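We call the chains A, B, C, D and E, going by the order they appear; numbering starts again at 1 in every chain.
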Amino acid sequence: GNDSAGDETEASGGNVHTLAISGSTSVGPLAEKLAEKYEGNNNTKIEINQIGSSAGITNAINGVSEIGMSSRELKDEEKESLQETVIAYDGIVVVTHPSNKVKNLTMDQVKDIFTGKITNWKDLGGDDLEIVVVSREDGSGSRDAFQEIVGYSSGELIKSAIVASGNGNIKTTVATNKHAVGFISFEYIDESVSPVNINGVEATAENVLSQKYVLSRPFLFVHVEDNLTNEGQKFIDYILSPEGQAIAAESGAIPVQ
Amino acid sequence: MNTTVIDRKTATDKSANTTEQQTKIAVKDLNLFYGEKQALFDVSIDIKEKEVTALIGPSGCGKSTFLRTLNRMNDLIDGVKINGKMVIDGEDIYQSNDVIKLRTKVGMVFQKPNLFPMSIYDNVAYGPRMQGIKNKAELNKIVEESLRGAAIWDEVKDRLKSSALGLSGGQQQRVCIARAIAMKPEVILMDEPTSALDPISTLKVEELIASMKKEYTIVIVTHNMQQAARVSDKTAFFLNGEIIEFDETNKIFSMPSDQRTEDYVTGRFG
Amino acid sequence: MSSIPVKKDAGEIGKANKRKYILEKVSGRVFLFCALLSVVSLLLIIGFVFYKGSHPFIAEGYSFIDFLLGSDWVPSEDKFGILPMIVASIYATIGALIIGVPIGLFTAIFLAEIAPRSVAKIISPAVQLLAGIPSVLYGVFGLAIIVPFLQNNLGLIKGQSLIAVIIVLAIMMLPTVVTVAETAIRAVPKAYREGSLALGVSPIGTIFKVVVPAAKSGIMTAIVLGMGRAIGETMAVILVAGNSLVIPTSLTDSIRPLTTNIALEMGYAFGTHQEMLFATGIVLFSFILILNFVLARISSKGGN
Amino acid sequence: MRKLKDKILLGLLWFAAFLTVAVLVMIVGYIFYKGIGLISFDFIFGDYSPSGGGGILPMIVTTIYTIVISLLIATPIGILAAVYLQEYAKQGRLVNTIRFATESLTGIPSIIYGLFGAVFFVTTLKLGMSIIAASLTLTIIVLPVIIRTTEESLKTVPRTYREGSLALGTTKLQTLYKVILPSAMPGILSGLILSMGRIIGESAAIFLTAGTVAAMPASIFSSARTLTVHSFLVTQEAGDIELAAAVGVVLIVLILILNLTATFISKKLNKANY
Amino acid sequence: MNTTVIDRKTATDKSANTTEQQTKIAVKDLNLFYGEKQALFDVSIDIKEKEVTALIGPSGCGKSTFLRTLNRMNDLIDGVKINGKMVIDGEDIYQSNDVIKLRTKVGMVFQKPNLFPMSIYDNVAYGPRMQGIKNKAELNKIVEESLRGAAIWDEVKDRLKSSALGLSGGQQQRVCIARAIAMKPEVILMDEPTSALDPISTLKVEELIASMKKEYTIVIVTHNMQQAARVSDKTAFFLNGEIIEFDETNKIFSMPSDQRTEDYVTGRFG
């Protein structure tokens, strides 16, 4: 499969090949940065569309895009037609309002908060404030990963939880509400929110790599075997190369070993 | 019906002899500009109470414009400037701020019928309702009286609730008159109120004007010289925005003092 | 007298006009084509939504009643109940209409009838400007200003609430309502105003009793289009609704209207979950149909 | 009584207008307050860079592309469809049904249009994720707005104009473009301005059909990112409100320029008819 | 000018004696319904070429409705049903599909002036332009001739390029007449064309009608009995949608054969 696609490109000589990638809005920014560096050195134009994991996977399946980006695990029926490559990991961190005194939680406490068993910060050593839970939307890769690791299901999530779409919206919501707790990717942490340690372990890339910090999820590139061109393969290779992984680390993701 | 006509004739003759009627509207040196263009030049006229004053003159001479200054309808047109004095019942209407009072007192019937897109009943009841009359029976009475007064009752009594815009031009104009009457104003301004009417309706309206004279002061613009002669006590002849002559109707039509008036009124025919 | 002679060739159309009639016919067809094109594209969309959305109920054995009346929405556990969202949508839309329509109409009346020309000339385009500001920015504005404001002043633990949604939607429908209604009011013939004013009716009375009723049809369009904007809006609502899956019982509860449910999860949904989101779209569409129907009824009632 | 009622109503009118203006000032003010700091020559005219520091020129260009193409397609179709419904079709059940459906479709969330566009234009018609696919989707979104507002303004043209023209032996078509459409122009124009707003403000329908490629589009068949999609992405993922607001500032200026142009064109058109 | 008037009188007298004029419009058993409501009942009438036919009758009797069937303007109103025969120049106009030709041949002046929101010049040049005349000089000539013909040239010649809607009612109506004349039709329908005009303009228009008779067939609705008597050769009296009597104008006004006609025309005054 690769060959025929490769022939096509070679036949067209030095023409610029356009590599269409679409999918997850979480993977997108990282992919854009990688593409920017890569395009500088290679005769390839990379088009990245951040339209959501499912849309990207669909595009990859029906050939609209060569590569799909996903921040969620593939479902079984999707796995039948798609190849997946983990290009990096994304650490997930629990965040609160900067004024919140609670800086450490156990995994069980996190679960109790998100399932509504603990409803006041004073039970966790904080001020007497009701807890407002902020979650991502059902189906989101972050949420899937977070729930799986923490150990509760979507059905158990407290009903009154605010559901925000995207890391940015969780961050903004938590940053403007003293009661709030949510979870976001490492790369979006800044001083507007306060990160919480889990079981006393700080949320850092090193701790994820050393497997002391367990809240993380994979960033996936997926493609249909026959649709991937040489250029596509080369870009994936580049990402997995030390240079590519360095860029990933720089932009807040956790490199694959 | 005929008696009314006779009554009117006598009344006209009487007023021709006696001039003791009080001044209702006194206009002095009125100038009106549409933007740059002057449409009225130093108009001065005294309109007497309970008389019919006719305004005649060729098209475009400013009759409608002058009529509309009497209830300040020209205020609505952008760029209209007015100076001079216009006193109604001793009150300078361009000094007072109460246009509503003015317009309740000075009713108007326009050149083109301008009924609202409502039922006939609602059109006539509109004014009284806005004055706060809610009682159904009272409204019904006002509507019927006004429509009868405008000689249109028989034609519309079965379709009071249907849209007024489905009426013919003549019918519409008469409902407009009814709408004005319904407000029981003191002065009624009419801008060619019968120009869209057939002779029979015209006759009815003229009789109406004659009978209304007992209570109201009426100013009427007309192109119909015969009509002016028939219905009015005084006539003012306008030309190019000026009043050329203003006098007893008899006098204007029989021995006008200005050559231009004579030229105009003898240009009549029929 | 009884039989009028008619020429044999009478039916023929003059040469000079033949071209005009052909043009007339062709243009009539072109107009019809355009109307059909719009209708077809609209039908395509309706068909698309219904095709996708009815699949789970027809082919996969889900119960439509459970879908409508269920109050649990957990796609990952195959639970699809949208009752809380239906209730939320109804509350939010009605609330936005109650606030947005009067303010919008009154503003339109103000601009068309009361404001000096020079003032209206500045405000009207400025209001139209509001129509072009992306809804995301309304959402950001809502999240950064309205939500904290509500939270602080109403003593809430979270400002993401029904009332926040209502306020944001009311604001978002303003430009449409104001612009369309203003145009309609301005188009009312001057003769109506004169007729009423000459009866000694105050300018305000004239406006409300003659001008506004005369502009009724345009005003209804303004309301319907504004309502469309309110119902169809997603991006701003996502940010201020809180999107909680509860049946709202007060203005301060977080809500998830039907639209945000679709927009929120479509990015990650697949299979039945995605089809259920389309089914949500069907419900939304029916909801809009009912509302429009009610509005049309109201407006034709007012016509008599 | 009436006077008091009048005073209250007048007060309400002023109050409503004040509220509207206040909201306008607050929103525009907020956007400027947050965003103006980022505005610079490079920000507007520089090429985009994902690693930061780049400008938004590609998004500006894309935005203009989508506006122009969608309006080029939607304006004639919408106006002519409205003309058909209002002037040609026999008023009755069918036309009312069409009208009703059109109105109802204004309420469909744009993400559904987006999904439809993704299936129909992008995949079925094989246009790929592209500006043209997005523009066609937007065309469908704004059609109801254009049709309804045009119909309304056609309704306000007095019947006497039609009669006067037709009685001179002119065709319906001649009457239409010489007398009726020019008289209806102000209303049609405000509908177009609203549509333009809708196009500019749209995000969901666009990112599913045109994608989010942050590069200068090579042609209308390229995938690209509009300003609004850009501000949507930076809010949603990065929570970068300053950047979103800065994009908002650019959008507001762009809308201003477009509205002024539209008004200018309509004035020119009106002059041409005198 | 006076000569025209005399000419006209002689012409009228002549036509009263000689009936050899050809039939231009033949109407047979025409019925017209506005939805359920019948407005015209079995109307039959022969209108002769190069004559002036006046339609009189009380308001709402169907004069305008009938006039509008002659150039199929009623086609524009939803729900209008027409049956019967109407033949112009041997052609049944309700069989033919060429309304454009019909309306070019049969011009019309309406009851209310209905100028377009364009300049005066463009209003008059509108019809000729639509027929494809582009030549400036030719258009100028047509516009000037038509405006002169409608006795309005002097009043508007300096403001041809300004909006027609700024004119007074009377001025507007005369421009409407000019607009119709500009098309050089064969038949001209006039619906109370002078109801908004002053006597001088009315006289001019009546003279115009008289002089136009040499070339055109004219059908005129009027409420003014004198006008009907002055300008028309034949007069039809309408009542409740029926033609009660149709005859030489002289006869209708001096010795009508129907009592209702007599009642109506003797209701006249002046």
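In the analysis below, a contact is a pair of C-beta atoms (placed from the backbone, for glycine too) under 8 Å apart; a residue touches a chain by one contact, two chains touch by 3 or more.
A quick map from chain label to UniProt name: C = Phosphate transport system permease protein; D = Phosphate transport system permease protein PstA.
Since the structure is predicted, the reported quantities are computational estimates derived from the model, not experimental observations.
Separation of chain C from chain D in touch steps, taking the shortest path, is 1. No other pair of chains shares as many C-beta contacts as C-D. Chain B and chain E have Cα centroids lying 29 Å from one another. Separating the CA-averaged centres of chain B and chain D is a span of 50 Å. Chain B and chain C have CA centres that are 48 Å apart.
Chain geometry summary: the mean Cα position of chain A and that of chain D are 35 Å apart. Residue positions of chain C with contacts to 2 or more other chains are 20-21, 140, 144, 189, 202, 205, 239, 263, 266. The set of chain B residues touching two or more other chains comprises 112, 130-131. Touching of two or more other chains is recorded for residues 2, 158, 171, 235-236, 241 of chain D.
Residue ranges on chain A touching chain D, taken from their complex, read 20, 22, 25-26, 28-29, 32-33, 35-36, 45, 47-51, 55, 62, 64, 165-172, 175, 188, 192, 251. Within the complex formed with chain C, the residues of chain B that make contact are 71, 73, 76, 78, 99-105, 107-108, 110, 112, 114-119, 126-127, 130-131, 161, 176, 179-180, 183, 185. Residues 117, 189-202, 205, 209-210, 213-214, 304 of chain C are the ones that touch chain B when the two sit in their complex.
Across the complex, chain D meets chain E through its residues 90-91, 158-171, 174, 178-179, 182-183, 273-274. Of all the residues in chain C, the ones that touch chain A in their complex are 72-77, 79, 140, 143-144, 147-148, 151, 157-160, 238-239, 242-246, 254, 256, 263-271, 273-274.
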